[in-house]
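Below: a set of structures, written as structure tokens.
In the two complexes that follow, chain A is the common piece, with chain B as its partner first and chain C second.
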Partner chain A sequence: MARRIPRLAQAVLTIVGIYGAFRLVFDVLLGQPIPSSLLTMYMFFVVAGVYMVFTFTEESTRELVAPIRALVEDPRRKPIRNVVFALTPLLAAWFTYAGLQPRIEAPVELRSIHPAPPSSVKMFGKRFDLLKLEKEEPKKFRQLVAEGAKVYVENCHFCHGDKLDGRGPYAEGLNPVPMSFQDVGTIAQLQESFLFWRIATGGPGLPADAAPWISSMPVWETFLSEEEIWKVILFLYDYTGHRPRLWSENADHSKH
Partner chain B sequence: MRIATGIRRALPRLALAAAVTVFLGAAALAPEAAFAAEPVAAEGAKASAFAPAPTLTTADYPQIRGFNGRIAVWLAAQLHLWFAAFVLAVPIFVFIIEAIGMGTRDERYDRLAYEFIKVSITAYSLTAILGGLLLFFLVIFYPHLFQYLAGIFRESMIWYALLFFAESAILYLYYYGWHWLQGGFAKWVHLTLGLLLNAVGTTLMFLANAWVTFMMSPAGVDAAGVFSGNTWAAIHNALWNPINIHRVVANVAFGGSIVGAYAAYRFLSATTAEQKAQYDWMGYTANFIAISALLPLPFAGYYLTAEIYAYSQQMGITLMGGIFAWLFIIQAVLIGTLFLAANYYLWCGMGRSDGAVRYNRYVKYLAAGIIVAFLVWFTPHTLILTNEELKALGGPYHKILGPLGIMPAKNIAVNAMILFTTLSFLMYRRANKIPTVSWVNAGNATQAALFTAGLLNIFFLGVYHGYFTNTVYKVASSIPQVLTTLAIIVASTVIDTLMYRGAKEVAPLHWGRVSDRSQYALFLLAVAFTWLMGLMGYIRSSLRQHWHVTNVFRDASPDAFTPTLGYAANVVSLGAIIFMALVIFVFWVSQVSARHTTAVGYWKAEPAR
Partner chain C sequence: MPTTRNIDEAAMRRGARAITQLATIALIVCGALAAPAFAQSGDKVKGAEIYAQRCAWCHGEKGDGQGPGAARLVPPPRDFTFGLYKIKSSGFDELGAREDDLIRMIRDGMPGTSMPGWKDVLSEQDIRDVTAHITTFVELDKPKKQVDYGTRIATSAESIEQGKKLFLEGDRCSECHGKEGKGDGIKSLKDDAGFRTWPRNLTKPWTFRASNDPKDIFARITNGIPGTQMPSFVEPASKDKLTIEQRWHIANYVASLGKTGMRVRPERTVIRAAKLEGEVPTTPEDARWKQAEPATFFLVPQLIAKERFFTPSNDTVTIRALYGDKDIALLLEWDDRTKSIPGDERAEKIADPEIAEDRIAVQLPVEIPKGMEKPYFIMGDAAHPVTLWQWSSGTTKTAESAALAVARGIEKVEARAAAAGGLTAKGAYRDGTWRVVMKRPLAAGDPKDDIRFAEGVFIPIAFSAWDGSNGEKESRHTLTTWYWLLLEPPRGNRPLFAALGVFLLIVGGEAWWARAATARRPRES
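And now, the complex of A and B:
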């Protein structure tokens, strides 16, 4: 009869196995590494889940802690106990030391992708109410999109890319790289007025409460007209197939 | 006989109290209704009677050495809210438990309901004290704001104060009359008092909610803050009802968790098997109440958030995508912790049954499902990346994890967590029973099909409408998702009840045979709820940023800035610690009345008669 793996070993193997699976799937198979900050959070709750499964009955709990209890209480395990008791604080010291070592790399920053817009903003020499601002030109829709495409190619594609995926020729030189409009988490989540504000005022127009912020987006109101910005917004939505945030189907401008 | 006579004598007084309460409740709303019916022209004429919102300077905010006005108001408001939530919630489920006791004629329910209300009665005076403290702090540190709000809500503030009398009178009658109003008609009178208590309490909260939501989404005033005179418009602002719904549901969940912590405290300090059994049952019931209210809470929260976003893009993005997005990750972690703790408590509780071994092997699958849903639930949209990771990914967007950061993925995850929790509960119910009906296999297959089809539907709705249609459908698809979840909960409970009708018990349930670890899960629930409420309360309030009343009345105080996340989290945590300390005091005090010390030799011997 095969010997059953002890509960403590089962628990440890499960945790190590899940960690390995994360690394294998994200880093190797998908080629999209899992950020260490997120993996730490994931693993914390994986460990909590494993603890819950292994301790919800008395019998299982006793079996789980038996080796630990024996290590502390059993006189025959004194040599191993001494080694564990010596190594544990040393390990803790090493982790602390490694954590406090100064690094060349800049520290990570909490960064908001979408800072909140002001309720109104002054652009093109007048004040816009961003809560209500929308633009509607249903009859000329196709023509305006085509004109927007021209504006985009002449001004935006160098950074945001000819496929609007943030991979333009200059993108490699920027950190963070430019916004990908193809991502479902960007323009598809926002109202048109948000885009109008962001394009017109660029990086310098970002609100103070959105700090820390790094953006090399120019202040386009100094290069483009108000109409040109609206046209390029139409093009962004039309090309990607996304729709701006709407509150009712009646407000869906894409139907025109 | 004596009781019946007592009731006959008391009835006129009770009727008077009830009539006064009903009158106060009706009258509290009457002026607003009258305003609402007035013609627009009359409103225009009235408008001149009200001043615009004042333009203040730093000098208009009194400074007192050693006190920070903002933190004082923040902590007093939060502590008042915690206690108010607790004392408003407890009568809701005490009323239900008392009614169940009356329906089943099982006195244990009556004793349990009494034990619950006993805990809240001590907290009641603390609620009032903290409410007074908040009022004083507001008047001292923000006199112009209070004056402005009082100018608009003066009628409702007067009625609020008067309703508080009614609330106190009914609560004391309800509590102190518990053992007096027993049996027959008297018990019905007592139950009616419970109903009145809840009606008055809920009206009080709705009035206070109107003042708070007016500050967020003002209505009934023009751009300069001049009040139109229509009080109902000011009360019935865009966020009033979403907050009302959210707070009622959340209060029940929070109240249940606090009472659960009380039961755990009593369980751990119990010295006899009877006490352990009693407090184990109380803890189980409290947990059941907390979880029953927790299940619909994410939907109430989603409705509130959608309304906030619809009211103001600026507020919506500040909340979910801007500066507070990181606090929302903490919120997600805490909500997930609530689900984990509640499930763990249920799994540990299966130890009360001798038949639970049959189901133990399924726990690991449930745990896996809940953990996977939980990880998706708290995956942030904006990842914290080191420069190396940023280069490796080719940008700040993660192709796999990025889409998990937005609401459609969260909606799928939370519905899945709720359904897995439902499965845990069904398993707990089945643990001690053996069905006797002939259609057991068909019943199990139907339930399996129900859960599978439901999860697939939730997944499809979330993925298709969340990622491949516009935001109207994305937000709207959450409704059929919720309905799917609710339909599964109801249908599976009905099938299970029918399947286990007349079922054999494996053995009597061993109340009290539960690990101490499970009791710490109850403590965790209470702490997580408390912290969560503090955190979300801060976010809700801070959405106004540098406005006392959004876009109408500017905050010019030295504290009119949004503090760093760490600072805010520290203040909220300090509040949670003070609240917990006060709650422990309340728990301890509620036990003191049962203690008797015989002071031998202290009192003079009574002279022989």
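And now, the complex of A and C:
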């Protein structure tokens, strides 16, 4: 039978493996590196967790530290020990030095995408029942959608994109980036009245828990009529093929 | 990468994109295997459906480029009823483009315009179908010829040198594209439909409709850009006619002009101001600007509030910053095809009326925010005022000028004299580029209206620009959202001492451990 991997090596491998997985998933697969401050925090918990698991019983603790003790106490290992003893302070000194260099990363600002709207949102009510309209008055429905498309291409595509994918010609210059309506995480999760509120009041209308309030989404009630906003909402659902969340599912707009 | 994350949304989008890419690759592979089946042309009827759903709102139901979106687009959507296409590799004397050319533009899109690439939503067959539909808007013979590329001349220092000579010779290309290729030629150009066009800025290859591969540039030089004033250089009547070999040299030269250093790097959201000993630079020419790391940002047209603006000409701005014991200086650099000086005859001739001064403005919060709460990114808000540093290019009667303002919202802007906050500014225009230096003491003016700079903290900073020859003034301009300015503290000795301390501590600990272990051993064994 193959020799068992020593406990210490197991612990180290686990930690390195998790670190590698973080890097692989975020940096390579998603192309969006985790900010190092966040990664440091995650890794702290990982190390603490691994330590707890590996020192669960006294025996396992002993097994874990055995190689380290042997290294120091076994005279036959003296050469290795000397190397380790020389490298450890050098590495620690280097990390201290690098760590104390002025921090160079910009602050990370996380924002909740779908904040709870103020209670007045319900007030807007529903002007068009999308599903009903589509079934019962298909002709009128198509007409309204076409008018909504016009509103969209005259006003929204610059940011949200011709393909409604959030990648309009100016999207790259905006921070935060405009929403992709094709994404299942946006309008498919929402009700029409929520959309109405977001479109009518834009970035400046976001409540306090949607910090950092820097969205470039315009306040559309200054440019569009109520009618036009409802039509563009119809269009958003029609073009993407998504359906609004039903009223019965209701109540909380949980954060995503 | 934007510093503000839409939690999970951006990541999901990237994941989705990776999947689409894989799917595209799979499609291409399948396409290659099934080539004969795909080679036949598209289905016009199916194409008409796709066109009505995806394309008509820009290109118009009748293909006349008059869709509802058209009015607010520069350049305007193509009118398909003429059969003129910008990107074609058919013969220069043939009307129309080859099917491959059209498919390519539809699949990959046209950078620098609102025409997106459709490969992520339309299949290869869909694209063939819609292409077949587009060509029904006008009766044309299929082009039979193809650009004769001869034998490609690989790029080399000599080829580029020869290309440069040909580019400048008799003002062949520089007449429109400018001496350095920034599109700052002195002509006012209109396309066939009467729309204003600007010669391409050849130093920004990412704005090319096709690409800056020399083969693509060769095809453009050969065929020109139909419908615009970019001429063909094989036209027998042209006095500037070029041989195949000469065209390759120019193509290699143009490809070498790309200034990739001026490209926006999305992860670079911080302008790092390095500390200087002594005075900060006051002119754009100062050699010390080389010590400052440049950061380039997109300029987005102001389509958010008040009178909106949809037709920008400036697209990016590059910032450098340096500071000393007393002052901070910013170098703002942006490509602007026109030096807009009202009163100047030549400037007025090129400009769209009514000409105004070129301008740039820096926006900073009056108080550096402690938490995440920043002022509204356009002119701040009532609770969070912003200070604006403005520079204007001057007219024939007045010199360039600097001004200050404090804003508490778009409607609440209060002008102040530059001297009140100790602001000075100096600009210079050369070959299609403005370079403006703004300087201010680190602490100056009124704490109610002016920012006090502090080392080592991230300070929100944003910019606005006006091209006075492009009808830009007041709320009609381009802008950026918030980025960061960081006055990097000089690196003192602290890290070194701390590192030394840690080193000694650990060595001491190890020595003690080793001794203790040796002392214990005899007893244990």
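The definition used in the following text is that the second predicted complex is superposed on the first by the 142 of 256 C-alpha atoms of A that agree within 3 Å, B and C clash if a C-alpha of one lies under 4 Å from a C-alpha of the other, contacts with A are read in each partner's own complex, and residues count from 1 in each chain.
Assume a residue touches a chain if its C-beta (ideal position, glycine included) is under 8 Å from a C-beta of that chain, and two chains touch if they have at least 3 such contacts.
Just so it is clear, the structure is predicted and the values come from calculations on it, not from any experiment.
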Partner chain in contact with A:Q32 - chain B first, chain C second, else both or neither: both
Which of chain B and chain C A:V72 touches, first, second, both or neither: second
Touched partner set for A:T61, first chain B, second chain C, both or neither: first
Contacts of A:P204 with chain B and chain C, given as first, second, both or neither: second
Chain B versus chain C as contact partner of A:L90, first or second or both or neither: second
First, second, both or neither for A:A116, with chain B first and chain C second: first
Touched partner set for A:G173, first chain B, second chain C, both or neither: second
Partner chain in contact with A:A48 - chain B first, chain C second, else both or neither: first
Touching partner for A:D183 - first (chain B), second (chain C), both, neither: both
Residues of chain A that lie at the interface with chain B and also at the interface with chain C: 26, 30, 32-33, 106, 108-113, 166-167, 175-177, 180, 183, 185
Of chain A, residues touching chain C in the complex: 26, 29-33, 72-73, 75, 81, 85, 88-90, 92-94, 96-98, 100-102, 104, 106-113, 149-150, 152-154, 157-159, 161-163, 165-170, 172-177, 179-180, 183, 185-186, 204, 211-214, 216, 218-219, 222-223, 256
Complex contact set, residues of chain B against chain A: 310, 312-315, 317-318, 321-323, 325-326, 333, 336, 340, 343-344, 347-348, 350-351, 360, 363-364, 367-368, 370-371, 374-375, 378-390, 392-403, 405-406, 467, 470-472, 515, 517, 545, 551, 562, 565
Contact footprint of chain A on chain C as seen in their complex: 1-16, 18, 54, 57-58, 67-69, 71-72, 113-114, 116, 118, 120-121, 264, 266, 269-270, 272, 297-301, 303-305, 308, 310, 372-374, 376-377, 381, 456, 458, 480-482, 484, 486, 488-489, 491, 494-496, 498-504, 506-507, 510, 513-514, 517, 520-521
Residue ranges of chain A touching chain B (in the complex, touch as defined): 26, 30, 32-38, 41-42, 45-46, 48-49, 52-53, 55-58, 61, 105-106, 108-119, 130-131, 166-167, 171, 175-177, 180, 183-185, 188-191, 193-194, 209-210, 242-249, 252, 254
